Amino acid sequence: MFKAKSILFFLLLIWCSLPLLILLGLSFAFSWTFPNILPRYFTLSHWGEFLFRNNNLQQSFFNSFTISLVVALTATLLGFICSRWVAYHKRKNLLLILTYFPFALSPVIFAICLKFYFLKTGLAGNLQGIILAQLIITYPYATIFFLSFWNNMIKNYQNLAYTLGSSSLFTYRKIIFPIAKSFLLTCFFQCFIISWFEYGLTNIIGYGKVQTLTMKVFQFIGEANIYYAALSSCLLVLPPVILLWLNKKFIVYQNR
Amino acid sequence: MYLKVENIVKAYGKRKVLQNASLQVPANTTVSILGKSGCGKSTLLKIIAGIEQQDSGNIYLNEENITTKKANRRNIVYLFQEALLFPHLTVFENIAFGLRIRKQSNDHIRMKVNSLLEQLEISGEALKLPDQLSGGQKQRVAFGRALIINPPLILLDEPFSSLDVETRATMQQLYKSIANSYSITALFVTHDLKECLIMGDSIAYMENGNLTVYDNRTAFINDLKTGVKGEINFWNTLN
Amino acid sequence: MKIKLNNIFPLSLVLVFALLPLILGIGYALLYSFGIIGVLNNGFTTSHWQAVFGSYEVVLSFIYTITLGVVSILLCVSAAIFLAILLGKKVQKGIASYFIYLPMAFPTIVAAFFFFQFLSNAGFLSRLFFKIGIINNLSDFPNMVNDEFSIGIIIAQFFLTLPIFVLLYSSIIANENIEKLKVLASSLGATKKQILRRVTLPALLKKSFPTIILFFIFKLGSYEIPQLLGRSSPETISVLTVRKMQRFNLLDIPQGYAIAVVYSLLIMILLVLSLKPSKLSINV
C-alpha cells in the first residue's frame, strides 16, 4: 500500500513537470523528426537569436512585460481601494456578483461585445487599449481578491488608530499598508500573471497590431515553427516559475 | 460633571440598539457598565469614541460639546476586547504610536515609553513583536499604547474577557493601580458581574438598549434584574 | 442618507470598470442581435434570434461546450479528491510541492501547444510508443488531437486544473477537521466505505461547491485549448462566436451577438448559483 502511494505520487510529479521539460528541450532542439524521441542535435541558436539579435520576439517580450506591469499595478491599487468599499457595503453580495461577472465571462466573448467601443474611441490596436481591456478583467479580480483582507479586524485597527489621534492618511501609511503588504504583493503578481497569460481578449482588442508573447506562440504554431513556439512558450512559463520559487501563493490564481 | 452623555439614540435599520441612553461620569473615576452581549454597550462606547454616529443625542467632555467632533480629534481611547496590537510594529513602537502621530522627539518618546514599559512590568519585551507575547502581556501593551497620550477618557470594552482567570485577576489589580496613579477617567464595559463590581467606582446596567445608572452599590445589588441577588442566594444555599 | 465624498470615488470606480463595460457590452450585443444597430441591419427583427435557436450548429455547440465542461470538471474533481485523500499533506510541503504548482505557471495557450506536440500522431507519446514497440506505424497511434471525443481538450484542461483542486481538497482536509470527523464516525460504527460515502465526500463537495461551479464557468468560456485541440465541428461557444464574428458573411455577425447574449445569461445564472450558498473562496 505504502509503495503504491509513493509510485502514484512520483507519477503525479512527473505529470506536472514533464511539459516544462519537454518544452525546454524543444526550444534547444534541431531537426526533431519522427520517430526519434530526441532531436538530431541540440543547439543554442534559437535562444541566441532571441537574446542577441534584434527581432520581433524581443519586442513582444517587452510588450507583454510593459502591459502586464502597468495592468498589475493599476488593478492592484484600484482593487485595493474599491474592495474596501464593497466589503463594508450593505449590499455586499450583489456587488460581489456584479464584480465577478466581467471576470467570469469568457474574455474573447467579452472582447467581441466591447470591440465597437474600443474602435470608436481609438483604443483598438494600440497599447493603451489593450491595457484598458485587460484592466476590465484584472480589476474585478483584484477587487475580489482584497475582499478577504477587509475584515472586522482591519476595521478595528483603523478605528483604534483614529481614536489614538491618527489621521486617515497616517493610518493608511503606517497601519493599513504595512499590514496589507503581503496581500498587495500577492495580488500584484497574480494580476501580472493573468495579464501575462492573456491571449484572446488582447488579440481581439489589439487587432494583432500589438504583438504580445502569447500571440507569438500562436503565430509560430500557425507557421509550424515548433522550436520557436517552444522558445516563446518557455519565455511565457519561466517568469511564473521564478515567482513560484519565490512564493507559491503568487501564482495560485484561476486559470481558464 | 466630566463626561456627560445625553439621550443617545441609535438604530440599525429597524433594530433599536440604544434608546435614550444617558450617563454621567465624574473626573478620575471609573464607571462600569454591566450587560449581556448584544445589549448595545459596545455601540455606546463606539459612539462616545466617535467611531460610530448616533442618530440623536449629545456628548459633553469637560464642558465641551464633542458630539460632532471627529474620532481622531477627541483624544478618547477605545480599548477593544482583543489587544489589537499592530502586528508589524514592536512592543516599543506599538506603545509609541500615539506619540509618533503627535511628532514628538525621539528622546521624549524613548523616555516616556520606557517608563511605561517599566510600570506595566514588560520592560523585557520592548523589542518583541506582538505574536511573541502572551494574552496578558498583549493587554498590557494595549494599555500602554492608550495611556501614553494622556487621554482625557478611556473606554474599555471587555478588555479582559479573553484572558484566563488568574491573568484576569492580575490585570484587574494592575488596572486599578494604574487608574489611581494616572487619575484616569474611564468607562468599563463587561458582562461579568464580579468584574463589574471590582472595577467600577459606580455602576450602570444595560439591557435592550436601555441604560440604568445606580446611585450607589446597594441600589445596584438590590435591583433584581442585575442578578446580584440571585448570585448571593446561590452561594448562600451552598452552605 | 448622506452620500459621503469618499464613497463617490470607489463607487464610480466600481461603475466604470465593472458595471459599465458589462452594460455597454451586453447592451451592444443585444441591440445588434435584434437588428437595431449594425452594418446590414435595418430596424428591429427577431430573425437572427430565430436563426440562432433554429440552428443545429448553435444548439450543438451549447450542448458540446457544457458536456466538455462537465466531463473536464468531473474528472478533475474526482482525481483531485482521490489524490488529496491518498497523499494528504505530502502535496503541500517539501520540494515536491513545487512540482504540483508547476501547471499553474502555464498559460492556456502554452498548455494547448504542448499537448498538441505531446499527443498528436507524430508527437512525443507516439514516438515513445513506437520505440517501445507498442505501435508499428504512425497511423496506429490513436487520434487524441482534433479528435472525435475531444480527448486532447480534456487532457489539457485536466493538466491545468488538477493542481488547483488537489491543493484545495488537501487544505480542506487539513483545516476542516475531516480526520476527527472520520474518527467520530467510525466510533459510531461506520465502516470505511460508509465513512467515505457519508462523511468525507459530502463534506469535501459541500465545501468546494462554489469553486467547482466557478471553474465550470471558466471551462465554458475557454478558448485557446478548444481552438487548437478541437475539431471544426462541433465547436465550443467561444470558438463559434469568434468565428461568426470574423466571417465575411455579415449576416453571421448578429447571430454571433445573439449567442454571446445567451452565453452571458447562462454565466450569470451559474454565478448567482455559486455565490449564493456561501462566500466564495478565491485562494486555495
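First chain written, first letter: the chains are A, B and C, and each begins at residue 1.
The rule is short, and it goes like this: a residue touches a chain if its C-beta (ideal position, glycine included) is under 8 Å from a C-beta of that chain, and two chains touch if they have at least 3 such contacts.
Remember, predicted model here, so these are calculated numbers, not experimental data.
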Comparison of A-B and A-C (more C-beta pairs in contact): A-C
Most widely separated chain from chain B, with each centre as the mean of CA atoms: C
Central chain (distance from its CA mean to the mean of all protein CA atoms): A
Separation of chain B from chain C, taking each centre as the mean of its C-alpha atoms, in whole Å: 53
Rounded Å distance between chain A and chain C, as computed from the means of their C-alpha atoms: 17
Chain A and chain B, separation of their C-alpha mean positions in angstrom: 47
Multi-partner residues of chain A (at least 2 other chains): none
For the chain A and chain C complex, residues of the former touching the latter: 5, 8-9, 12-13, 15-17, 19-20, 22-23, 26, 34-37, 78, 81-82, 84-86, 93, 95-102, 104-110, 112-114, 116-117, 135-136, 139-140, 143-145, 148, 196-197, 199-200, 204, 214, 217-218, 221, 226, 229-230, 233, 236-237, 240-241, 243-245, 248-249, 251-256
Complex interface listing, chain B residues touching chain A: 46, 49-51, 70-78, 80, 82, 84, 86-88, 97-98, 100-102, 145-146, 149
Of all residues in chain A, those that touch chain B in their complex: 153, 156-157, 159-167, 170, 174-175, 178-179, 181
Chain C residues within the chain A interface of the complex: 7, 9-11, 13-14, 17-19, 21-22, 24-26, 28-29, 83, 86-87, 90-91, 96-111, 113-114, 116-118, 122, 124, 126-128, 130-131, 138, 159-161, 163-164, 167, 214-215, 217-224, 228, 237-238, 241-242, 245, 256-257, 260, 263-264, 267-268, 271-272, 275-276, 280, 282-284
